[in-house]
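We call the chains A, B, C, D, E and F, going by the order they appear; numbering starts again at 1 in every chain.
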Amino acid sequence: MADGEFDRGLALRRHMFGSGGAETEIEAASDFTRPLQELVTRSCFGELWHRPELDLKLRSMLTIGMLAALGRPNQIRVHVKGAIANGVSRAEIREILLHAATYGGLPAAVDSFTAAGEALAELDAAQ
Amino acid sequence: MADGEFDRGLALRRHMFGSGGAETEIEAASDFTRPLQELVTRSCFGELWHRPELDLKLRSMLTIGMLAALGRPNQIRVHVKGAIANGVSRAEIREILLHAATYGGLPAAVDSFTAAGEALAELDAAQ
Amino acid sequence: MADGEFDRGLALRRHMFGSGGAETEIEAASDFTRPLQELVTRSCFGELWHRPELDLKLRSMLTIGMLAALGRPNQIRVHVKGAIANGVSRAEIREILLHAATYGGLPAAVDSFTAAGEALAELDAAQ
Amino acid sequence: MADGEFDRGLALRRHMFGSGGAETEIEAASDFTRPLQELVTRSCFGELWHRPELDLKLRSMLTIGMLAALGRPNQIRVHVKGAIANGVSRAEIREILLHAATYGGLPAAVDSFTAAGEALAELDAAQ
Amino acid sequence: MADGEFDRGLALRRHMFGSGGAETEIEAASDFTRPLQELVTRSCFGELWHRPELDLKLRSMLTIGMLAALGRPNQIRVHVKGAIANGVSRAEIREILLHAATYGGLPAAVDSFTAAGEALAELDAAQ
Amino acid sequence: MADGEFDRGLALRRHMFGSGGAETEIEAASDFTRPLQELVTRSCFGELWHRPELDLKLRSMLTIGMLAALGRPNQIRVHVKGAIANGVSRAEIREILLHAATYGGLPAAVDSFTAAGEALAELDAAQ
């Protein structure tokens, strides 16, 4: 059953961030990073994200909102791509970041807009 | 037009937090608190919350997620009531707080669960 | 195996916070709080705290340091009692809070000292 | 010379927070709280606050701004009294909190307004 | 009247950050970034920064203090230039960052000193 | 006596971060950065880190835990090297970061793992 959760988490990471991202990170994991990869893959994407009360699109929206309020632009960059894969539109991402500007402060939101804009430009360039 | 935004924000505050809350705060406003009441009523609830790309239910969910990640239990207490008024279910509130436990840390989420539980108990008692 | 982790987590919560604390919270859990109690008992105290590379005393010290740096006095109040149960001395708690004053800022540390002092006074009164 | 800094810090705490505050805290200091009282009195109020490039009024304004942005209402309550003693007007305190609403987010600012309003009401009642 | 606020905000951004900065950002604004540029230009620099109780120099000092306490070095880099334009001296910036080291913690202040030093070096190089 | 504390702090910085780091920073200090170098060298590494109740290894562990919970990866990069010099093992660093993932949130911990991995790779390359 635990393997089921790992596999399910890996599949979701692959769906959200591309097959390169998740698998490269897991294959490249050293003794130092392996427990984090386990935690992210099994507990976060394999369990939390699969709880039925909130669907993937909504979890992506909430995640971006929390990351923007907390001022974590590196993770915004990653999760904007995942949000697009989960069906969040660019206009919705923009509105979540504006909402975060009021609740988490303008500086965190400005950094988040910059990171999100870069992630969206990378998605455009990849097409 | 600006008055329209104030009125619209006041109506939303009344809808979300009860007619007592918003009006009492605005009537009781002193020189010290009046500009904050203006900001909250006009810019936040009159403008931001009425932007069309995200509906009220979704904005309530995002707000609770951000407040939980930031560890602001006083505001969780207020916004849980507003979220119920905007159609968010108790199960959805619970899941948002669990999501925040992973993204903002367990201590902020535990404080948020306590505050949310108190707000829900007050709603039950008021019925 | 999952039950083993829940039981192990429950036993650790009982050891650190008294049999009243953990069991009362778990027995009183409603649909709203039960998933949080599961998360805290199984994942946090049943898994994370039992990873072998850091012993319980060290994890208590780290937890207090993180809570003080983040400015979460409610959780400081709880974890000071757990730290004493795990063999951390009062002088060590004091030094961790002083260390946090430099790394997380004086205001968070002052709030943490107040909460820790109250928890220690409750422990004294209980004897 | 070190005693000079302690005495200077104690005098400033007495000036800002009333003779009760500082002296009561220092006299009541236990082994647990004494090093914090030393740090606050000597390093913070005896050294930092006496550096010549920023005067006391400006340091009070900056302190309130930082506390509001960080969301530390307990310390806002204390420092609003100190700010009044250092010549900051109520209108200036209000504007600093409004400025913090934009830079640190609305929830932290709302908590700070509440705490500041209570501190100002206590000052009024004491007269 | 709203246009007046936008124009006033744009003029202040031009004064503080150079004509390149504000205008380039506004002209380059896409559907994704335009609402943020509106918010920054109209609400933040057009309204908040023009409230009469605190002058521009004081608002620059408060902004740097808040950004340093919150640990937002990207925005420190921008606002150090704005602060110089608003008449804040280098010695005053240094003292605000030292004050923030005590209230927001040493790590946030060290990152802020690095960012501020880079911004000042760029100003020197531009002359 | 004050010089004794500065010298002791400088020696500890040299021990933890290499003779290049501390001395280069202090020699390169300008009017702008000198007071910060004084604060870091004398108060932080000369006084706080030498308080006897917690040894250097434990202070390194606490520092990494606080930095990870606060999400300050630049300082993680520096302090991972210092922690290795103070006898903290790589497995212990990993476990502290995992502990921080639960208490400060996963995004801050992921950024910290990245920074720590880079610092460890630099240490490997330097040998």
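Note that in this section a residue touches a chain if its C-beta (ideal position, glycine included) is under 8 Å from a C-beta of that chain, and two chains touch if they have at least 3 such contacts.
Every value quoted in this text rests on a predicted model; they were computed, and no experiment measured them.
**Student:** Taking each chain's centre as the mean of its C-alpha atoms, which one ends up farthest from the centre of chain B?
**Tutor:** Greatest centre separation from chain B goes to chain F.
**Student:** Counting only C-alpha atoms to place each centre, which chain is farthest from chain E?
**Tutor:** The chain farthest from chain E, judged by C-alpha centres, is C.
**Student:** Hey, which pair has more contacts between C-betas, C-D or C-F?
**Tutor:** Between the chain pairs C-D and C-F, C-F carries more contacts.
**Student:** What whole-Å value do you get for the distance between chain E and chain F if each is reduced to the mean of its CA atoms?
**Tutor:** Whole-Å distance between the two chain centres: 30.
**Student:** Calculate how many whole Å lie between the centre of chain B and the centre of chain F, each centre taken as the average of the chain's C-alpha atoms.
**Tutor:** Each chain reduced to its C-alpha mean, chain B and chain F end up 40 Å apart.
**Student:** Listing for chain D: what residues touch at least two other chains?
**Tutor:** 43-44, 67, 69-71, 91, 94, 98, 102-108
**Student:** If you look only at chain E, which of its residues touch chain A in the complex?
**Tutor:** Going through chain E, the ones touching chain A are 30-33, 35-36, 39-40, 44, 67, 70-72, 74-75.
**Student:** Mind pulling up the chain D residues that touch chain E in the complex?
**Tutor:** The contact residues of chain D facing chain E are 43-44, 48, 51, 53-54, 58-59, 61-63, 65-70, 91-92, 94-96, 98-100, 102-104.
**Student:** Quick one: in the complex, what on chain B touches chain F?
**Tutor:** On the chain B side, the touching residues are 69, 102-108.
**Student:** Over in the complex, which chain B residues touch chain C? Could you list them?
**Tutor:** 71, 90-91, 93-94, 97-98, 101, 105-111, 113-114, 116-117, 120
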